[in-house]
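This report concerns only the one structure given below.
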Amino acid sequence: MMGRMRTSTTTRSLVAAVAATALLAGCNAGAGTSGSPDDGSEEGSGSGGGGSEEGDGEAGQTGGSAPGGSDETVRVGLVAEPASLDFTTTDGAAIPQLLLDNVYETLVTVDAETGEIVPALATDWEVSEDRLTYTFTLEEGVTFSDGSEFTAEDAAFSLERVSSDAWTISLKSQLDVVESAEAVDDTTLEVTLSRPSNSFLYALTTRVGAMFDTEGVDDLAEQAVGTGPYTFGTWDRGSQITLERNPDYHGDAPYFATVEMRYFQDANALNNAMLTDAIDVVSTVQAPESLAEFEGGDFQIVEGTTNGEVVLSMNQQEGNPLADPALREAVRHAIDHQSLLDTCWAGRGELIGSMVPPTDPWYEDRTGDFPFDPARAEELIAEAGAEGTELRLRIPSLPYAVSCGTVVESMLEDVGLEVTIDELEFPAAWLETVFTNKDFDMSIVAHVEPRDMANVFGSPDYYTTYGTEEIQALFEEADTGTEEEQVTKLQEAAALISEDAAADFLFLLPNLMVADPDITGLPTNAIKESFDLGDLARG
Amino acid sequence: MSRAGDRTVLAVEGLDVGTGHTPLLHDVSFAIARGERVGLIGESGSGKSLTALAVMGLLGEGLHARGDVRLSGRTPATRNLLEVGEREMARLRGDAVSMVFQEPMTALNPTMRVGAQVAEVMRIHGTRDTAGARARAVELLDQVGLPDPAHLARSYPHELSGGQRQRVVLAIALANDPALLICDEPTTALDVTVQATVLDLVVRGVQEREAAMLFITHDLAVVATVCERVLVMYGGRIVEAGPVGEVFADPRHRYTQGLIGASDLTGEQGRRGRGALPTIPGTVPPAGRFPDGCVFRSRCAHATDECGTPPGWTPRGGADGRGSAPDEAEEQAGSAPGEAGRAAGYACFHPAGDAA
Amino acid sequence: MVLRLLHRAMVFVLSVLAASVLVFAFMRVLPGDPARVALGINASEASVAALREQFGLDRPVVVQYLDWMRGMLTLDPGIEFISKAAIGPQIADRLQVTLILVTTSMIFAVLVAVPVGIWMAVRHRHADGVVMSAASQVGVAIPAFLAGIVLISVFAVRLRWVPSGGWAVPAQDPVGFLQRLVLPSIALAGVQAAVLARYVRSAVLDVLREDYLRTARAKGLRPVQALWRHGLRNAAVPVVTVLGLQLATLLVGAVVIERVFVIPGLGSLLLDSVAQREILTVQTVVMVLVVATLLITFLVDALYLVIDPRLRTGSR
Amino acid sequence: MTETPAIELRGVCRDFRRPRTSLREAPPVVRAVQDVSLSVGRGERFGVVGESGSGKSTLLRLICGLDRPTSGEILVEGRSIGDQPARRLRWLRRRLQLVFQDPMSSLDPRMRVRDIIAEPLVSQGIGGDHGARVTELLGQVGLDPEAARRYPHQFSGGQRQRISVARALAPDPDILVMDEPVSALDVSVRAQVLNLVDEIVDGLDLTLVFVSHDLSVVRHVCDRVAVMRAGEVVETGETERLFSEPGHDYTASLVAAIPDLHAALAGRSAQDLARGVGPAS
Amino acid sequence: MSEVQGAAADAVTDSGQAPAGGSPGRRLNPSLLVGGAIVAVVVGLALLSYVWTPYAPMRVLPVEPYQTPNAEHWLGTDRLRRDVLTQILVGARTTLFVGFVAVGVAALVGVPLGILAAMSPGWLGQLVMRGNDVLLAFPALLLAIMFAALYGGSTRVAMIAIGIATIPAFARITRSGALGVMRTEYVVAARSAGRSPLGIAVRHVVPNVAGLVIVQASVSFAIAILAEAALAYLGLGTPTGQASWGRMLYEAQTTLRSAPHLALIPGAAIALSVLGFNLFGDGLRDWLDPRLEDR
């Protein structure tokens, strides 16, 4: 059962991952913004610390002005404009980035610092013994922006609607496990699963867990009715979307009365806008090499982490050169990851050895599994009799892939392989050639979807072509087992993927932001689908 | 300069024209008196048009003129036109001296009404006010024999035939009653019947105004019909000059002689035998490639070594020994070759006719 | 003259029809199913089919074409597949932006190029003319977007005189509008001016060689007067042709500058729609651009008739 | 004479359609050649004179099979050329050759003289030693054999016209059609070319059709002349007779308008010329 | 023939120049010389790159990135630690490739169409030219964007699009040139000599419009180079893995202010070669056209 679910969701979530990657949009956590311990304290990102879950108020917000906020406007620069406001029928990361946690809220959400699931619209929840029934206690006095009250009816409606035809995007399958959702009373929601699932609660933190008004779903493409701190304002197609402070917000009112989300197609234009004070925040720095321009005190640079593992995938289907594990190991040995990160992403980001970011509970440092060792790589190639093997590195037309591709090509050629780079238009051409037809030897793509190891490596039909039976078993045990089992099984899985050289993990994309020095409340880590605006303040 | 008296309208003396490195005209000297019609004949590349343009001050960029060109008429001929500034020269053009060009199809501005183009020349020189110029333009168009001139004045050039256009050009040239009219092959592009009327109009127009005329053509018969005196050019020099009757009936220069022979298809007694046309051997060399000395010697049956030096100017009738004097000597002499001295004569060591 | 105009108008209409068929056919062979792009690659066949039906993509091609044409004629080509936004008003907004940009650039270009071109022609044998001519050659050789990037770098980022990009609605923010218009217009106009100046130079040089200019000088006009009174109108015919072609090129060429300066014009709408596989939007935008180009050609033709009387009579 | 004429035209018309000037009226039709009938005997030197727009060039194109008559019949050596497709006219190309007015434009500047002269031979698939034939032809027109290697621009106008003649003679035609062959030439060169034409027509026993606007030249060259005006032949006759006693007013005015050196020296003025033409034109 | 004749006002019947025929001995003008020299340098660089480059093309080197020009790396190194000179050399190939594809497509289609249009005066010629006008309404960039959407961005696709958009330019210039040739008497002579239409096209029309076409090709070459750069900027041009000046410029944007030489060098290379081809075309036109001699 679990296996079935996995196969059906794996590919789907990739599309989201890939789409998000295309935009390289920071899927910033909407939760607390205290800098994670390992980074960023020097930027003062901790100043926004104390910002916490919506239900808890924002007592500790250092930069915050009096509740009720100011009349000020903050201008946030982003790179991908949504095509529509309706993420129930339109794929892509831009819509949840804009709307989730800002306009729409979820029952539970992820703490960006700890990666833990914490309350949101649900103040509390209980799980039954058999782990099939979840009972959520909802916050009282919450209203939608159209004035109607948020009740368990709305919650049940929202969750059930996901499995109806109203939702068309492939991600909807994440809630396939839900058998029913019922409103026990106005503030009590009971959700019954068809089988135990560790990923269910996590799924609720994403867009499929968004809470809609039963009356507010008629024109989702143009109107967004939610309970969040902001309401949808105006949309100036091709340049910006404005969000207005929700005066009836159930939590503490956000500092900024208006948020202008300004969209740029081009990293350079985004940088220029920041340099000329046309915007106050760069949500994601697209070209880390340009950060030098912002150093020197006029700007604050926020550097955190994301879920975006940059994966060098290797096609190990029968008949492909990389079906030979020795050759895959040679590839892993041939790549000097630190040098690669320094060259193609200006040294920003983290090295990981497997498919787990440090913010996941089952993270282990696996960077030592295949140390840089060109001699060993050549040895392995010689043993495999694969000198001069031609490998097609087919990459999407995305900045990190293009940069890394060039470096990878050089490094592999240094150990005696022949690499040809093909740059494929993203998403259409790449999806068709690499993803669907698997007509490639290697590819590079960042999987930014949170907790996506099972998706990416759980099926032999997926473009990573790994998905051994052994790994499938581990993933199934992890999902259906207890939380402790989940952690250990996933650690085992990560180790197995790395040791089998199922792919190479180039690095973890950093979350890089630039902002005016007095902006506080910036989400340091981008490990969620949303860009949380509620805690932003100036001071 | 005084020998021709007050009647001299144009006096050209020792005119040289060339590009930086190629001489195109050398020592061209002639004079035209008031009411006199002078023909300038020669084949392609002989320098006929260059002479006219040099007089008008309209040489293209890159061409330089030296020598002395003086014009009398309404403006006193006190200055060498080659040294006069553009502004002053412009004041003379279209007024004291005007010109009719060869190609009527392109000589008029295609985007401007014909009447306006005629009126313009009067407005430029302030001879009429706007309304007066317009009325006068219609009169002039009538004078050059154009039908329904008032209506025609409102036409654009492309609505007119070639002959009509050439008449318009002539009307422009005559508008300010110039002292000198220069016609550069005005009828070459026209049909023979049209040519006849245009030639008639030109002559009448000049006669009425008692203007001097320099008429450039390659057609000897036309020159003979229109002009009183003729200058024969070859290789950028005037090789022979004199009254039309004398020069054509009794040419001295071997080139003139050959030219007349070759062009005379009918002979004095009407038709002459086929295949019997006298010819000049060879072809006209390209500009700047003429031989030293006598420019014609490369095609001349009578050429001797002597012709390697430039032949001097021999006045017609007076074979007084000056014929062998080199040009340079004359120029240094200063007083010598007045325009009268050049009025009739030739530059040839072995002249035809009585000298032979 | 009327007949000639009618004839040209007929050619225009036929060309538009031919172009519309081309554009439509092209869009049909465009790979990437809009329904699938909207739904994600693993959406079920059933839901894709449903969406296709909703988009009307399952109807016969001819019906779709006629439907589209009707939509275009009524200025309401329909709604976007993905965003559900009406296409007509969007294009109208974007077109307005692009037109303002292109027109301003064209005016800049003409204001600079015509005097400079004439100067280069008149002084073509003099040092200043040669230097200007060489400068215009260099101007032609610089990519417009590079000029844009450098302009931003200097005037926006370093000197902070103007914003680095974006757009403002003229009625709401006239100062901001003008500030944002300056750099892109200059970037766009610079290259065009260089190209145009060269054409003006060549046209004027041609006219300077015309017999009627010699006639004008023989009348007593000084060279500059002669050129002014008789030359310019005649030189205008080839220049107007180039202007028309340039205007057409600019309409599309603005896409690059729109990208550099983050201007929400028609070009960026086109690029975005291509990426989103919004077929209807793409084909409508392309068609608007093509019609605009054909219209410009038609107007240029009509302008000829005004400038050159020789063309008015049908016989020539 | 019972002999078939070299060229015979029977009621030949050629209309050209001009662009519409009005929606209602049919497009205007210009009759460039109107009901022309004439006959050129073998070995005859036949002239066609007329001013611009008289239709003489159109007539010439019709005779050479370069254009089709709208109506009427054209026979060359008894064979009709009017109704045959161009590729069936090979026989005509061999019998009848053309020399043009402009020595500049009538020779392809990109071809060497030998290729120009050999063109009719190559095009018509006439075998034999083309090189030798070219040399022979060059000799015939008075050019050096080494001219074969050179390009047209390296020759003067007169020499080019000789090349044109050599090309026309290449397929050994019976009929030579010349279109204003000397009107672009300088006087001195004109005489040379006219002498050459004379020599060749006599020497090779050709039939000559000579089209010109210049009556003096036609008078010099031709036995018989047709005078054209506005598409019509107004008069045909022996050259000398035509000059001495023009049968048609138009011919008379044409003759009267020719400037003549001897007449001029004898005192005929421009006014006299114009008077002969009359007030028309 | 002397060049002075053009300047001399006399109508010289023997002016010695064909409509588009350069004659030997004509004075070379500065545009032609400078343009020719630049074009030769670009071709030279491209050829050199096949034999020698300072470093392996596109290879990431174990050196510091963002080096300014120095002894080791004459033009410095880029963000990805590649040698800039090597890329410039190899990029010259792309530049020439770009020009050849675009011009090749345009000329191969446009020239025959132009000749066809000129030689068939009837409806066929009209149809060709009207079709040409419709094609003219699809500017190069628009076609390139459409093609990129269809086939994905690549140099070849982009250049074919530009080539197609350039067809009308070639067709027009060829047609007008061919019309001129068709009006000449040597074509009538050829017809009367018995040449077939195809023979006339091959023997007379093509050689005589070749000059015009070469001039157009040179100018189109320059336009294609600019278009490639613009497409690279839009991300529709040359993909990674191939050295291209447009791509180098595109990649250097983000470090425009910190490492300006990375943008300046390919920018200058583009501008110079465009200048070179433009000058070459201009010079060639002047050289071929005696009327324009004194320009």
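Structure notes:
Going by the order they are written in, the chains are A, B, C, D and E; count residues from 1 in each one.
Following the convention adopted for this analysis, contacts are C-beta pairs under 8 Å (C-beta built on N, C-alpha and C of every residue); 3 or more make two chains touch, one makes a residue touch a chain.
Just so we're clear, the structure is a prediction, and the values are computed from it rather than from any experiment.
Shared contacts of chain C and chain D, meaning chains that touch the two of them, come down to B, E.
Just to note, of A-C and B-D, the chains joined by more C-beta pairs in contact are B-D. Ranked by distance of CA centroids from chain D, the top chain is A.
Chain A and chain B have Cα centroids lying 92 Å from one another. Distance between chain C and chain E, defined via averaged C-alpha coordinates, is recorded as 22 Å. Rounded to a whole number, the gap between the C-alpha centres of chain B and chain E is 49 angstrom.
Computed from the mean C-alpha positions, the centre of chain D lies at a distance of 45 Å from the centre of chain E.
Shown for chain E are the residues in touch with two or more other chains, namely 1, 13-14, 16, 148, 253, 256-257, 294. In chain C, the residues that reach two or more other chains under the touch definition are 31, 125, 149, 153, 157, 259-260, 271, 313.
Touching of two or more other chains is recorded for residues 156-157, 186 of chain D. Residues 58-60, 62, 65, 79-82, 148, 152-153, 235, 239-241, 253-258 of chain E are the ones that touch chain A when the two sit in their complex. Residue ranges of chain B in contact with chain C, taken from their complex: 56, 58, 61-62, 86-87, 90-95, 98-99, 101, 103, 106-112, 120-121, 124-125, 156, 158-159, 169, 172-173.
Chain D meets chain B in the complex at residues 51-52, 156-159, 186-192, 194-195, 198-199, 202, 213-217, 219-221, 240, 253-254, 256-262, 264-265, 268-271, 273-274, 276-277, 280-281.
Taken together, the chain C residues at the contact with chain E in this complex read 11, 14-15, 18-19, 22, 26, 29-31, 124-125, 137-138, 140-146, 149, 153, 157, 205, 209, 248-249, 251-253, 255-256, 259-260, 270-271, 274, 282, 286, 289-291, 293-294, 297.
Across the complex, chain B meets chain D through its residues 43-44, 162-163, 191-197, 199-204, 218-222, 224-226, 244-245, 248-249, 258-266, 268, 271, 274-275, 277-280, 283-284.
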